[in-house]
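Two complexes follow with chain A in common, the first pairing it with chain B and the second with chain C.
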Partner chain A sequence: MKGRDAVPRAIDARRASLGILVAFLAPALVVYAGFTVYPVLRTFYNAFHTITPRSVVEFAGLANFTTLLFADPVFWKAVINTALFTAVATAIDVVGGLLLALCLFARAPLAPLLRVVWFTPVLMSYVVVGILWVWIFDYDWGLANATLRFLGLGAWEQSWLGQPSTALWSVLAAHEWKWLGFNMIVFLAALHALPSEVLGAAELDNCGWFAKLVYVIAPMLKRTIVNLTVLSFIGKMMVFDLIWVMTGGGPLWSTETVSTYVYKRAFEWNTFDLGYPSAIAVLWFVIILAFVALMTRLLRPRDRLEF
Partner chain B sequence: MHARVMRCVVAIGLFSLAVLLPAARAEDVTLEVWSHEADEPAKVAFRELAARNLEKAHPGVKVKITWYEKNPLFAALKTALPAGKGPDVFYLEPDQTEYITAGYIVPLDDLVNWNNIEPWARKVWMRDGKTWGIPQEAYTVELYYNKDMLKQLGVTLPSNAQFTQAQFLELVKKARAGGMTPISQGVGDRPYPGAYIAGEALLRKLGPDDYQKLFTGKLSFADPRVVETLKWVKELVDAGAYPKNFMTLKLGESHYYFYSKPGALMLPMGSFYTGRAFVPEDKGGQPPTFPLGIMQYPAMDKGACNECKTSTIGASFAINAASKNKKLAAEFLDAMSTPEMGKMWIETVYLQTGIKADVKQFSGPHAAYFTELMERQKGEKYFVGQPRDMVTGECKDTFAQVLNSGFPGGLLTVDQTVQMMNKACFKG
Partner chain C sequence: MTRVASLGARARRLPLVGFALLYTVVTGGPLLWVASMSLRTTAEIFKDPYGFPSPAHWEKFADAWFKSNYHSYFWNSTIVVVCAVALVTVIGAMAAHCLARYAFRGNRLVRFLILSGLILPPQLLILALFQILLDIDLYNTLTGLIIVYVATHIAVTVYILEGFFAQIPQDLFDAARMDGYSDFEIFWRVTVPIGAPAIFTAVTLNFIVLWNEFLFAVVLLTDDDKRTLPLGIMHFTGSHQLDVGMAATGLVIAILPVVLLYAFFSETMIKGMTAGAVR
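And then the complex of A and B:
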């Protein structure tokens, strides 16, 4: 094995000239600047402006933000719906994913089949999943009501997506069906990476299944749990596609989320003014960033486990 | 050596000119068109034919039509146009006035041949003394029904094809009691069909002037006539007029629900109904033997204009202000608007049009339908425009959520409806 010094100078990136570095980095940087940095900066710029007819841009100061915070009830409805969806879906994602993974890790009967069945929805697009679940929840010919009728529970049948009291939870059910498998796979990989000596020692000490989970497995999975919680939280705070396909934010704004509201304000309000929707996007970005920072700080493991 | 290189360069230059010159003819142009209604074969065929006709008339010109569904089309336009991009010609509807105020489309007064367009249809597109779009599709808001089902219920349509509001309520109750869905309707993918019954009832009750005032914020929804009308609509809703899956049923599905499975007595719909219904049955169209009839919307008690009917312009086309081929774009609009094309529209799309078309007799498999449609237009006073053409912003969103969906969906009382609509729309 040759040492590091033996690497030819021409292909050692740390010794490459500035010109070569620029030549190799430029394509990626240009794409990143054009499709990420510029849109983000432009959104911040738009948030403080109003685009009036004939595309004239006028400085609006904080006007968009004050209207948003103090005179827009739909925005607050969207915030509450998003917060509720995020909190519940994140909890189910993490806890449910862990339980499914444990089920497979413990070699439950039909585990290989279950792994495929639970993971398959992850591979489907949100649009397909949305259409599928709209059919499942259809009052007349949907599977949900048909099952209730079959079980003699016809009195419970209802328009799942047509009632404000059930619409958000119905969308959440569809979301979990699609997404739980992803967390399961990540947890399963983490479980398989755990040191078998530690788990074996716990068994030798007559540690029960629940105690092993709480005192041995969970602490060793803490990093995975934190990462999945943060990722799940970010995803849910920006939920759009599934809700757009299944309910469009209705009925009566009961499934309106911040993302669907931004879209409506940008594209469905008979206006080309991107100032107000940009203000919503900026405010939401700041809120997500603050929460992620807080969560990372509160949940990060303080002691490094050695195993 | 130097001279040889120079000769070589000159030769290459001359060869390049010879090759490139023919390609640089003034007419070598691709005209970009973005159109909605990808799922309506008759309209696709109509516009593609106009494109091919223009290409024949202008060798070297290529017309490329990109077919969209409505929402993706407008999302694409709203990002392309502010960037100074987008197609030369695009589909637009008259309620989308923001394209005019933002300066993204050009006035067509001096660009297209208006002799082929009905003046009333042109008027719909006029703002500030200029015409901004060329109207193609015209439609009226109709109340379709299944003749056999009506007969099964033992009900006869009055000679003027219009029930009173009390008779209509009875009809709904009778249909529900007979195990039929009285009215097929769904708001799963559109912000307006759920308001057809309420809208037409309000038009007849208030008359055109006050109706317009109501949806332009000059008349309160607490007006006693409005409340009285909404109470009648609420009675229909409570009598089970709409399907249980009203909230999620999509526009196309509501057509299918009406004429196929499970079947319904009535379908309030724009006369663009034919675009989906008159395709072959195996492609989702109505069965050839389906007993389709058209009745008038019910006459309201003390109605100010019971002979009123909503008529409006749907599919239209506009020219992008940033287009470099405005003249050619206008020629494409003209190619879609000849009397021959107007005749073709009526005979293949089975729908009214803003194009002047000399069609005195109807032929083809749906001639009886079109004759009945024309019969229902006799003596009618048209109100041009729908509520969604008149409302904007918060009022538009509230209209979609409340009058289109929550109220007919049985989620709101009349008082709540009045309060929510007034809050969003009434300017006092």
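And then the complex of A and C:
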């Protein structure tokens, strides 16, 4: 017997009969088709219809989309909020995560312990984190204002979640508190995979830490940076839980995001129409997909670093 | 000379140490604060929000547990998460094994179809899932939520397992086939034992994510006695808005199991949680 072709079919471990393939794949595919693929298709279908209570379906053509784009100021407010939140949170996620990882990589005292402590919030649910941070931002007895008073900065006291100018950024702070540890761990793993000779050589060339970071470490981590940017971007564009728990989109739509607006239009406003929120969800998904395609295209490392 | 150099090195590390200390306080401080509040009454908290809990009111934990529906929230979350994770692991591992092991027409198509589930926003599914579960009478049932959790986590499970299974040397499978193992035996007696670390990682990830899941649960469940823990916490703190002390106790009850597990299995949980992003 020479080569794969010579192996009799019945013995070749790479082949299986159709029955075997179906037996292995069917359970996953049936559940996946029924409760993921079908809902997606149905959402696309809904987006072009008006669906009133008792499931009366009327064809609406592009009406949902034209209303959405040209006659819905709340939707645009939500888009702007989500875009701001996404841009800033993604940047903080990547830069902050890298800085925390470098801090541990530079052998801060107790680094192995700190790594575990800093990751703790990642494991908590957004509900717990949200409630905790509502208390932190409480005007009278919250930690945020108490810290400012302690530092003699009492003049900066704010009703953090109660006014439109600070609410979105306060939610963002809570989000970063929960999520930075995740990016830190991913960067730390990438840093430990770097060849130590390169870092040693930079050390010998008497390269300052900032120059080392920008010219040596960041280029070698490009793949991780791109992955985390895309991952962060997708997550922030869909942000729901934390906003729902902390502000519910208020005050005055200052924290309304696309996801919270979809939820409200479907289940809270008594408009009784699942078509319109479906149109929002579809449009937003297409935008996310376009951005992800664009980012992976633009940011993909052209020449792979050899090391 | 060396002494001066090492002093200089130490001075340069000062900002690093300062920053590490500051970030540790930022992470841990709020948790210690809520822990102390959980042992104090609301009157004590309003008098001095940052005082030490003395005397410690341990009885608040019993009150929160027995006078609210916490036991039912815990039980519901346990049923839903254990069933969903068990199911998604079994059917995900079977599919991943099939995709990693067998060369067949349509392999790439099936893989693409399943893995594209990784980027689907829940918002794109949730409205239609609400309709579908109403249609088949599974709306507001734990069974319905379990099915939804399984379906929405097949993608990530297959993603983690398929990558690992594909790296198992083909020789093992050829040898098993020569020895007359059936296809199912090969899966059960070769892939599963060798792939156990990856299976364990996938279980950990799905367990943490589903234990914390909020959006699907809030849309698909309405009755108080069906609420999972995240919904229960929100309900409990919502109904104790003026009684901050009791709300803090409720929050700590929700945090405690996670922190306890984390204290013992920190490496496993870190590895599981970042499984999709670290390679």
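Assume the second predicted complex is superposed on the first by the 290 of 307 C-alpha atoms of A that agree within 3 Å, B and C clash if a C-alpha of one lies under 4 Å from a C-alpha of the other, contacts with A are read in each partner's own complex, and residues count from 1 in each chain.
Please note the rule applied: contacts are C-beta pairs under 8 Å (C-beta built on N, C-alpha and C of every residue); 3 or more make two chains touch, one makes a residue touch a chain.
This is a predicted model, so every value here is computed, not measured.
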Fit or clash between chain C and chain B when superposed on chain A: clash
In the superposition, chain B vs chain C on chain A residues touched: C
Contacts of A:272 with chain B and chain C, given as first, second, both or neither: first
Partner chain(s) touched by A:42 [first = chain B, second = chain C, both, neither]: second
Chain B versus chain C as contact partner of A:12, first or second or both or neither: second
Touching partner for A:250 - first (chain B), second (chain C), both, neither: first
Superposition clash, chain C against chain B - the stretch among 127-135, 145-153, 163-171 or 271-279 that is involved: 127-135
Intersection of the chain A residues that touch chain B with those that touch chain C: 51, 55, 266-267, 274
Interfacial residue positions of chain C with respect to chain A in the complex: 13, 16-17, 19-20, 23-24, 26-31, 33-34, 45-46, 49-50, 90-92, 94-95, 97-99, 101-104, 110, 113-114, 117, 119-132, 147-148, 150-152, 154-155, 158, 170, 173-174, 176-178, 183-184, 186-187, 208, 211-215, 218-219, 229-231, 233-234, 237, 244, 247-248, 251, 254-255, 258-259, 262, 266, 269-270, 273-274, 277-278
Contacting residues of chain A [partner chain B, same complex]: 51, 53-55, 74, 134, 137-140, 142, 159, 161-164, 247-248, 250-253, 264, 266-272, 274
Footprint of chain C on chain A - complex, ascending: 11-16, 20-21, 23-25, 27-29, 31-32, 34-40, 42-43, 46, 51, 55, 100, 103-104, 106, 108-110, 114-128, 131-133, 135-136, 141, 143, 146, 177, 181-182, 185-186, 189-190, 227-228, 231, 234, 237-238, 240-241, 244-245, 258-259, 262-263, 266-267, 274, 277-278, 281-282, 284-285, 288-289, 292
Chain B residues touching chain A - in the complex, by the definition given at the top: 74-75, 78, 81-82, 95-98, 101-104, 187-189, 243-248, 262, 392-393, 396-397, 401-402, 405-406, 409, 411-412
